[in-house]
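When the chains are written out, they are named A, B, C and D in that same order, and each has its own residue count from 1.
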Amino acid sequence: MDFSVSEQTQTLLARTQRFVDEELIPLEPEIQKGWWHIEPLLQAKREQVKKLGLWAPNLPQDIGGMGLPLIDLGLMFEVMGQTPIGNYVFGAQAPDAGNMEILHEFGSPEQQDSWLKPLAEGAIRSCFAMTEPQTAGSNPTLLTSRAVRDGDSWVINGHKWFTSCFDGAAFTIAMVVTDDDAERHQRASMIIVPLDIPGIEHVRNISIMGHAGEGYFSHAEIKFHDVRVPAENMLGEPGQGFLIAQKRLGPGRIHHCMRWLGICKRAQKLLCQQALGREVRNGERLADQQTIQNWIAENAAEIEAARCMTLKAAWTGDHYGWKAARTEIGMIKYHCAGILQRVVDRALQAHGSLGMTDDTPLAHWYSHERASRIYDGPDEVHKQKVAQQVLGSLA
Amino acid sequence: MDFSVSEQTQTLLARTQRFVDEELIPLEPEIQKGWWHIEPLLQAKREQVKKLGLWAPNLPQDIGGMGLPLIDLGLMFEVMGQTPIGNYVFGAQAPDAGNMEILHEFGSPEQQDSWLKPLAEGAIRSCFAMTEPQTAGSNPTLLTSRAVRDGDSWVINGHKWFTSCFDGAAFTIAMVVTDDDAERHQRASMIIVPLDIPGIEHVRNISIMGHAGEGYFSHAEIKFHDVRVPAENMLGEPGQGFLIAQKRLGPGRIHHCMRWLGICKRAQKLLCQQALGREVRNGERLADQQTIQNWIAENAAEIEAARCMTLKAAWTGDHYGWKAARTEIGMIKYHCAGILQRVVDRALQAHGSLGMTDDTPLAHWYSHERASRIYDGPDEVHKQKVAQQVLGSLA
Amino acid sequence: MDFSVSEQTQTLLARTQRFVDEELIPLEPEIQKGWWHIEPLLQAKREQVKKLGLWAPNLPQDIGGMGLPLIDLGLMFEVMGQTPIGNYVFGAQAPDAGNMEILHEFGSPEQQDSWLKPLAEGAIRSCFAMTEPQTAGSNPTLLTSRAVRDGDSWVINGHKWFTSCFDGAAFTIAMVVTDDDAERHQRASMIIVPLDIPGIEHVRNISIMGHAGEGYFSHAEIKFHDVRVPAENMLGEPGQGFLIAQKRLGPGRIHHCMRWLGICKRAQKLLCQQALGREVRNGERLADQQTIQNWIAENAAEIEAARCMTLKAAWTGDHYGWKAARTEIGMIKYHCAGILQRVVDRALQAHGSLGMTDDTPLAHWYSHERASRIYDGPDEVHKQKVAQQVLGSLA
Amino acid sequence: MDFSVSEQTQTLLARTQRFVDEELIPLEPEIQKGWWHIEPLLQAKREQVKKLGLWAPNLPQDIGGMGLPLIDLGLMFEVMGQTPIGNYVFGAQAPDAGNMEILHEFGSPEQQDSWLKPLAEGAIRSCFAMTEPQTAGSNPTLLTSRAVRDGDSWVINGHKWFTSCFDGAAFTIAMVVTDDDAERHQRASMIIVPLDIPGIEHVRNISIMGHAGEGYFSHAEIKFHDVRVPAENMLGEPGQGFLIAQKRLGPGRIHHCMRWLGICKRAQKLLCQQALGREVRNGERLADQQTIQNWIAENAAEIEAARCMTLKAAWTGDHYGWKAARTEIGMIKYHCAGILQRVVDRALQAHGSLGMTDDTPLAHWYSHERASRIYDGPDEVHKQKVAQQVLGSLA
């Protein structure tokens, strides 16, 4: 075993960290002003990132990315995750990152040319329409949205929500049933749907934790009414929807977890700074209080343990494939999400009323990253699967 | 011991519950549209409440309230707390409720006539300016805002935040230092400050959990620049600030806790309804899953235990006074706040992505009632005091 | 509602507390020397208790007990529970207490004369043979031990364990299947089995937490090999086994919970004494450390809340019957057991290595009362039932 | 980074695991019969171990050990830890292992010949007398036991407890004050004390968790009354006591943590086997219950994360020294101890009443490994130190 990080990677991470600290964290107060306000500011930062050679760490070099191995990429996500605007500025933001991965792996040359290329350049945004309001998201076999083949077209009808970042996106990839009679996991397909065509109803940006958001900072409820797209807009083969969705999730969970650990790192840093700077009485600082010390120590241990485990899961995936890594990836999903919630909660509490405000990013993470225990499968579903795998390995 | 509730009180609670269920819960989707939108709707409901004889359960009868004993009042707060708009509609909303209590106990006849009367009628709103951004709220001896006597006036300078509901209020009660040389707990006084006079700067409605809010739904940062009020605007005697603040807090904590338990009750109900209504697979409902059952059972026990304890604290306060009840009141503060957070968290998780949205009140409570572990003294401070009292009782 | 305790009851509790403090706690160091060593010492204390009129608080007056109402009895269990030898000395020890209850309610005059009378006088001990090693104790319909009618006798074969206090007992009440074909809950009966007759194999006192124990301090594994008892030894009617077992459990859970809360009270007292007496460095005591203060405050709140809830459950059972109280009784079982474990754990930790030793009763409670989350139905089963009742109450 | 384990190490671990499974686990039922009963059985196993070349994985090759690098050694501790008799049989048992380390590093040739050699061969046992009953073990500067130089001798007086394995040991290493006036951390020294000389009082084997134990399975309280040893029995230089104690603790904590993770692994395996084998009702097994699945999944994640982190701490210590690794080593101490307690608790609960018995090793671990949160410094002290280091790294 070897836990060392190469000097080259350390240099890369240090440069990225410096950019985050000097260029992005000072921009955070602008976030509250809304997406349309902050978007041009972020575009300018993206140009700087491109010049620094730090653009798209998650993409292969052939489409303009850095082509990092998985562990190094994980470490990059940890750095970018320290600010809510990090992933976007570096071109590694969900849901575009996942869409780019599957377009790269499953897209036809034409699809890649039309959709992957501008996405990888940061010229457009995209979204991913899978979750439905009426069915359990953890069970995709319950999907009700449908596409029917009509000549050279697919005609789509359906109802989706939590279509994140729909507002302002150029296209979505929609997961829809194309063959009701097929075997459970071959009923659905993925279809690329441009968003400037007839029949797409933007019902609303869903109000989440008190605010509907806008632009990239939003989660839409949408309906497809007889939306007609060319047959060649299908991604991969008919019936490959689940297969592609699974591909999208494996590395995605590593990225999420490393991003969460970046949030944890920042939250811990904010906690420590608040503890060192805040006088409680008679020259005694928060940092001198044992309860605060307990939180710092518990945070430190939980973060360190989860981080080692996540990097190991990345290593397993890299060396033995996602199937071999599936138990590890299931575990990091719920384990890291739980730690994220606890670490942010402790940091918020240490800030007192300031923690409730948007003067730090803690309130944003406390409220919006609550979703980490839900999206990409709730904790409870992952725990059941991991338990079955553990039990199965004994048999 | 006798845990029975009189038939008369049961009838009162049932009537209130019916009003909450039939008139207020259906209004909840309007909350997201903002205070200025919902205010007239709530005023109409207030008229209905007055006609039903349910107005101001927390006020003495001599100023138009119901004059309920403390335990019955607690039970009323539990019912009203089930919806975020409950307390306001019944005229028992913070911070007005606390202001009315201290105006009733410490106000001069003129002060009562000018400020208590319209407040008790629901004709105006008020706020309470105590917390400061630069000093630990848990230690009021660190206050920096000051009032200086100048002839027949007090001239106030200072910086406050978390002045809840300032936006649209007619007056505030400001806690300011009036005698730097006095003994620690006699340095500060409370002064009534109308908000339509010169020198009051509304710096901002603080953005909290992603949103600055407006009107009654807001928490202001404000500054006093040489604000001049008549000497007779002092509430009580000079130096009585802490004494009055303490009076304000005792029953206030009972009210908060019972309101929180009302939130818990509603969250548990939402959880159960979601569990019964949501199919997971093959006819199996969420309610059939053992994890969900565990949450329901843990919620039920934690709520029941906290409720019994809070009612006992109310009983102790009623029969033996707030000093005798101070350990019990300290305990319910952190104990109930912790349960509130856990119960709402479990209910949110059971709703999956729906729980993140404002289609239920869970996200609002999850984010905004996070403050329950902070306001009126953070958990950590209450725990220290309770521990000292417990240790002291052994000596 | 009224949380007051009558002066008469307060006097009774104070007298009992004094006896516990002055006569029983000083005996605790003898416990490690084993049952046969301590038994005569305890018998002497029993005589004192009888003279003080404190014998058998749990029994009706017609069989020599104090005939206390359920809440007062609960408060007595809380006092007695503060020492591991309390219940025995006051004649309220499991499993005899439960056996006396069912003999009183279901026993024939002859059974009462032969078994209840000497038990109530403390002249003999008894045990209760229900749990079996091969079947889930939480599901009594899986019982395999059987009694077959043969003329005027029942002939019993079976295998039991956790037959607590078998070693030295005069008789057991055995729960055995008497009619395989009956409806699930009418298959089993209870039979009184003297232990000096042929066919009873004492396989072992089970080694529990490192020690097999002896006498009253033991839990036996036993086998019945064609054990023949007269037909009139059946308690109640054939097929009434479950009915009687349920009767035994309702008040029994109140008693357990109040005894656990007595343990918690003592553990908290030991924690506080250790905290006040232990110097950590430079005159700083454990009691000055915030972590210790947190534990004291959390203990205090959890104990207080659980105590109020348990007394309410007792009140509900007293006024509305055990069926009405079943959800409350289910809740106190797992809620109080969890608190017991946490409170004892914190107290042990505060004692450092001393906490691991038998120089305090904490190690005994830590190890042996771990069973509280298991006996009389594990937490998990109670939670499922409570959840079903809560969900059912919505329908 | 590289998480792979060399083929050679994998082979070694597999051979060790096989020995544990086939030779040691079947011996576990003998443990309850006491040390003097089991000692000859274990000696026989030691001979087998020596023949297999698996003796003393923790010792350098020059004194007959395997000379493993720290990570490989950690992995060996994980395997040996799966049974309570593992470390002893492989010659890596506390406190001898620590004593051998310091004798190897600080002992004179004569000391090594007299004490290290027979210890390394398994011919004698030793103990370590540091903790005192009257002073906080976490603060060794409070030590009261003293050695005074008298001619060519040291004369020792003092009172120690938790001198583990004193009963039957050939010698102890005693930590005593030799210079009251020296700087705090140079007041104490370590002295080798043979146990067959006058003045050593064996007060008792302390009763721990209900049982005083015997032989290697015991923790003694002892007194030194004018115990006279030759001056050359001092280990290292006068005043080096703390320095040597620190050396003893660094790798020792890695070994403890890996041993605990071995316990966790076994507890998880027992849980899974019980879950798969136990029918609850109608063909439904424990393994089909979601609560049990949650426990398995939470165990799996917590164990995996803690394991990765502990191996990383070992790696850091190996490559950068113990000073560089001190924060990591502080963190694994409390983090792993907490996980150990939770994992064993869950496994015990899943076994129901069987979990309380000594028919599995779970009850032993539940009760005796409760000490893991106390020995070598309680959690609370480690957390304070880690917090200070984290805060310090920001400055």
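One rule holds in what follows: contacts are C-beta pairs under 8 Å (C-beta built on N, C-alpha and C of every residue); 3 or more make two chains touch, one makes a residue touch a chain.
Bear in mind the structure is a predicted one, so any value in this text is a computation, not a measurement.
The chains touching subunit A as well as subunit D are B, C.
When the contact pairs of A-D are set against those of A-B, B-C or A-C, over half line up by residue number only for B-C. With centres defined as mean CA coordinates, subunit C is found 43 Å away from subunit B.
Separation between the centroids of subunit B and subunit D, computed from CA atoms only, is 53 Å. In terms of their C-alpha centroids, the spacing between subunit C and subunit D amounts to 37 Å. The set of subunit A residues that touch two or more partner chains comprises 289-291, 294, 380.
The residues of subunit C lying in touch with subunit A in their complex are 289-291, 294. Across the complex, subunit A is touched by residues 1-5, 71, 268-269, 272-273, 275-276, 287, 290, 292-294, 296-298, 300-302, 304-306, 308-309, 311-312, 315-316, 319, 327-328, 330-332, 334-335, 380, 382-384, 386-388, 390-391, 394-395 of subunit D. Contacts from subunit C toward subunit D in the complex involve residues 32, 131, 133, 136-139, 141-142, 161-162, 206-212, 278-281, 289, 291, 348-349, 352-359, 363-364, 366-368, 370-371, 373-375, 378-380.
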